[in-house]
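Each of the two complexes below includes subunit A, the first together with subunit B, the second together with subunit C.
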Partner chain A sequence: MSTHEVFTDRLQAGVLLLPTMVVSLLFLYYPTVRAIGLSFYQASLARGDVFVGLENYRRLAGSTEYLRSVLLSVLFATCVVVGVMAVALCVSFLIHEIEVGKGLYLVAVIWPYALPPAVAGLVFLFIAHPNIGIFTSYIEALGIDVNWFSNGPQAFVVVLIAAVWKQIGYNVIFMTAALGNVPESLTETAELDGVSRTQRLLRVYVPIISPTLVFLVIMNTIYGFFGTFAMVDLMTKGGPAGATNILIYDLYRTAFQFYEFGFASAKSVVLFVAVGLLMYGQFRLSDRYAYYGG
Partner chain B sequence: MTDVTLQNVRKEFDGVVAVKNIDLQIPDGAFVTVVGPSGCGKSTTLRLIAGLERATDGTIQMGNEDVTAVEPKDRDVAMVFQNYALYPHMTARRNITFGMKSAGDFSDEEIDRQVREATAVLDIDDLLDRKPGELSGGERQRVALGRALVRDPEVFLMDEPLSNLDAKLRIKMRAELAKLHSEFETTTIYVTHDQTEALTLGDRVVVMNDGRIQQVDSPQRLYDYPETRFVAEFIGDPAMNMLAVDISSDGTEYEAVGPTFRIPLPEGDGLETVAGGQALLGVRPESLSVADSADRSSFAAEVTVTEPLGDSLLLECRTGDQEFKLHAEPRTAVEPGDRVALTVETERLHLFDPQTGAAIYHAAAAQPPEETGPIDSTL
Partner chain C sequence: MVQSGGGYDHVSRRSVLKTSGAALTVGTVGLAGCSSSSGASVRPVDEDSLTIWHAMGGTNGETLQGLVDQFQSETDIDANLVFQDSYEGVLTNTLSALDSGEVPDVFQIDSLFAQQVLDTDAVEPVENLLSDDYPVDDFLSNVTSFFTIDGTLTSMPFNNSNAILYYNRSAFEEAGLDPDSPPTTLEEVRSYSQTLVDEGVTDAGLTWPNHVWFVEHFYSVDGQTLLDAENGHAGQPTTMQTDNATARSLYEWWHEMADNGLFSNPGIEAWGEATSTFLTGQAAMLMTSTASVTGIRSGAEENGFEVDNAFYPTIDGDRTGPVIGGASWFVPSGLPQDRQDDIGSFLEFMGRPESQITWHKGTGYYPIRQTAVEQLENDGWFAENPMYRTAFDQLTQAENTPATKRMLIGPARQVQTTIQDMSVELFSGEVGVDEGLSELKSAVEDELDRYYS
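Moving on, here comes the complex of A and B:
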């Protein structure tokens, strides 16, 4: 690897790096190390920390409630990734193909992403509230009884739709940009050859924008596991009966409702490792399937 | 194979007129090159024929069918692009067959047979399992040509297909394209900004400028009988010299008179109309030569720049306030600053109208005119 020395003076380089390093150390690495450390303690505000070794992890391994939350989270994140990307790809393709009013459609699709998750959660609460929701009467007209405050699967679906809706804009930004980079002559060649639109999307565009799609799979996975906390908190509080109790919400409750900081730390370490492994797998897969040129 | 006819075709982009009501007939099996500077509308014309652009006005016919509003895929044309337009994630074989398979008009055996034939002709049999990224520019262009060939289209459209190749390869591929055409005899329309390509490849050359067709002719006639000043200056390298002259006449003989020279003009059509008026004298650099001794038509000029090209010596000269170039014999002993006597090959002179740029007179016009081409164009 060739190195390019921008600064002749190492001290100068160091000083310029310092603010970033301080912030990273203080707010990223220290808490991470502290959380890992804390996961070996039984920690509470009142009684102080007691070292318990792997007891917290043993407790996790034996908890069916936790296992359920893990499965729920995986299912939820998978649905988020697939749902977001399928919808965003269709929307991006439509926006890419249309010639008039492109900007307008783009803004319309992207704005939910500009909302803070909490606001998005609230908006959706009002849209789909079982009693006063704007859409509720229309949905009930289709013969569906909207009662997701008490119906678990329905609650899961409603939170899922909210999570997908919120994340579409982010994906569309990247996808339309990637589609815009596909050389025009490829589209024209396909047109001349009589390649249908769907074929063109699936056989030409998707492989070419696959690096962007890989990036989005990873970002959406992170979002699916961590980014949907506010929506769960505002809309269902993990309920009804744990139907939307995804890991990130579960560990928040462990820490800040039951004040079991050690146990919550162990949960966060497990989540961290799981998502890390998942992402490693995705990168490995992408090396095999994504087209990076060359 | 089919013939292509453009009638009064016009294309506007947001108020900018790219193609200004052109008429063009391309006979069945012809190799027609369209040449012109950037932005002259040549690529747009090609894209109109392909159906990638819709004409604002006018009609495009292929055979007896009006295709003006027909979708690109239903026109049975194949296009080769400057950047090859290969799908980067597909192997060469898949690139060649993808269109045929998607269209669904061909059986698998037919596709296999077509691919075998085309790849043998193009000599790319060994490259079929590689992706475009692993191919050189020339190989990529062959694959792109292969993709066009296998579809056996009515018309080949080529948009500067050789422009991304290096000079040597370009000359090689040029010869191969000519060979391919003589083999398949598919109607081919070839757009280029390179006049050498246009002249060497085309049975007929269409010169375009500013959205209009300037002239449609065989390569040699284009060179010998340019109909406009633009064509005269565009075809030929270095460009034809243009000298402002007065045309003087004593009733029988005509002369082009500049501040420092008097050049006799052979009898020909158009001279009497311009006698006593002003004109631009067109002289090709190779029609001028350094004279050993001065005679009636020779004149003196100062050499400003010398460029040895090997097979000739390109001289930039000045006489009075007019500058021009000429090809002298190689190894001629001249230096910048020298004064030399120049003679003119008077049979190769042209006169152009200084205002409209239209040709008034060709000294060589006394020769019997060549056949009138099958392609007609109206300005």
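Moving on, here comes the complex of A and C:
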């Protein structure tokens, strides 16, 4: 497919771009600039702003609490990406292969994705609540003491499961679509050659749908760092004892509960740079490994 | 959105990703931190009507609306209630409003955040708005003492309560405990809980939401201030007082309760979960607000058990008194005189005995006027509602000391969060009591130092 100019008229193109540009400028770029500026101030609402230079960043660098939050977020996002994609790939493959009731399975899998994150968080809270959870007694029957309001590692796992559960549907949509685009002839050839199902998934399908997988790695990374806020807020509030205090929640708390806007801005700038670098790395990797055709 | 496997080239795919990635990151804080230099003239949100920001949801909100309707018809002053979802919501929006100069006329601030609002130097002491003959001394002194700073009533107390112990009489009987003599000390709470669990009556003995208010209660009931400088009422505090028997006994007991499965942990600030743990019979005792009497009584009825309440447990038998919780009405400074007169009328209306009786009966918050209490007494209200009697006795029998005035500090939310988070580590046994308390102390010191320096 060759690229060609759809709009020869620059003015027309500009007008069509305007709404997007205005929204981006107003709600993304301007706040970004403001946040960077604010990160050099000690700013708390209604008490005046004081310029402090790099003090906020110095405080961040010296904070073991913050370092812990950084490591926790990286671990959490990694687990989210790996967990979501492993489960979603298996589920998509099964849905792709099955003959009867494909639509039904697809709907069932996508359903959690259709819930707003806050609702998903609440639903999961009542599924897994240590005292009044619907599944709690069954899990406890297996000999596990469900105690994640007090037990940090357990809380981490519970929020992780909720985050993965919520995101599977999104991945399945893209993966089944990508699998649907794999030429039938390839599948037939593989079958004729006696390639096993697992091998067919891992050696044939995965390389072919790798652009989709790269896209999903990036979307899931963003989700792992940012999209899981509502679940943390509703289920654990960053606790117990900071065990689920991922960066985005920590940032929210600093800004909107402690009203330390300058310090929170510094945190958001650091997070921005970190995730930016991470994505850059992912793009570099994807250039090497993803198959874009041609 | 980007389609997979299709014919789009990967340059556009990448640019979409890059923009969305950047978009999601920095935006949030910058949007909120649009602080402008104040000092500009103050003007009301709505010129034609008093604007009241509050955090009373559900039936409490309806009761409040009823009072405001009555105020409007009696005075011909328009007043518009705006629900802000939560105390945090009112606080955030109020601070932004004071910053911008476009302000609500009255706002309801949780007592925990009082100092934070006072520190803006943008609020008018309500005493200046009340008429000279308004009987301020008819307010219950145990309530107004918190809101009176340097002898001036800074905000108008409105919805106030203490924490109290609720217990399941039916469960007590089933476990062979005397429901007429509920536990009064930590040790008794522990042994009662042990009996309840050993007899298989309930899963746990006691539950309460992990909120700093309960730690404040344990301290005040024991006559110990939580912070130096009289909890912030006599200057800027610098530290949390953890090096005492109160703190050690509290956390040793809390850890033991949790370790032996006698304490059911509903989570941080989990008021609703704590109450449902109690109402569904998983714990036989609950510590929560005195304002919950009505809800708990009807909940117990639905779940088929008899409920009662008793004074907040003491550390070791000595009882000073509880701290006040709940909120008060604040007013911004700098509004024109006629506006201030209208606001004064509103505050006087909300504080008058008739309104207080309506408010108390509709919500369970204390009536805070002596005259209102006497009226309720004469009407036989307390005889009909013995749980309100107990709640009220707990308030009026309290000594009025520095310990019974809850903390009044600027970084209240930070200190609150620190204490709540550290409490989890302490009761779950992640750290020992001595080590945990010294960590807690230095963390609180850091927060206080950062705010006041």
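Rule of thumb we're sticking to: the second predicted complex is superposed on the first by the 278 of 294 C-alpha atoms of A that agree within 3 Å, B and C clash if a C-alpha of one lies under 4 Å from a C-alpha of the other, contacts with A are read in each partner's own complex, and residues count from 1 in each chain.
Here is the rule we use: contacts are C-beta pairs under 8 Å (C-beta built on N, C-alpha and C of every residue); 3 or more make two chains touch, one makes a residue touch a chain.
Please read all numbers here as calculations on a predicted model, not as lab measurements.
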Touching partner for A:L75 - first (subunit B), second (subunit C), both, neither: neither
Contacts of A:T189 with subunit B and subunit C, given as first, second, both or neither: first
Partner touching more residues of subunit A, whether subunit B or subunit C: C
First, second, both or neither for A:P207, with subunit B first and subunit C second: first
Partner chain in contact with A:Q199 - subunit B first, subunit C second, else both or neither: first
Partner chain(s) touched by A:S265 [first = subunit B, second = subunit C, both, neither]: second
Partner chain in contact with A:L122 - subunit B first, subunit C second, else both or neither: neither
Contact residues common to both interfaces of subunit A (with subunit B and with subunit C): none
Subunit A to subunit B touching residues, read off their complex: 183, 185-186, 188-196, 199, 203-204, 207-208, 210, 291, 293-294
Subunit C contact footprint on subunit A (complex, rising order): 1, 3, 24, 27-28, 30-36, 38, 43, 45-49, 129-132, 147, 149-152, 174, 177-178, 181, 209, 211-212, 215, 218-219, 222, 226, 236-242, 251-253, 255-259, 261-262, 264-265, 267-269, 271-272, 275-276, 279, 283, 292
Complex interface listing, subunit B residues touching subunit A: 50-52, 71-74, 77-79, 81-83, 85, 87-89, 98-100, 102-103, 105, 133, 147, 151
Subunit A contact footprint on subunit C (complex, rising order): 2-7, 9-10, 13-14, 17-35, 37-38, 88, 92, 95-96, 98-99, 116, 119-120, 122, 203, 258, 264-270, 273, 276-277, 280, 282, 411, 413-414, 417, 420-422, 424-425, 427-428, 430
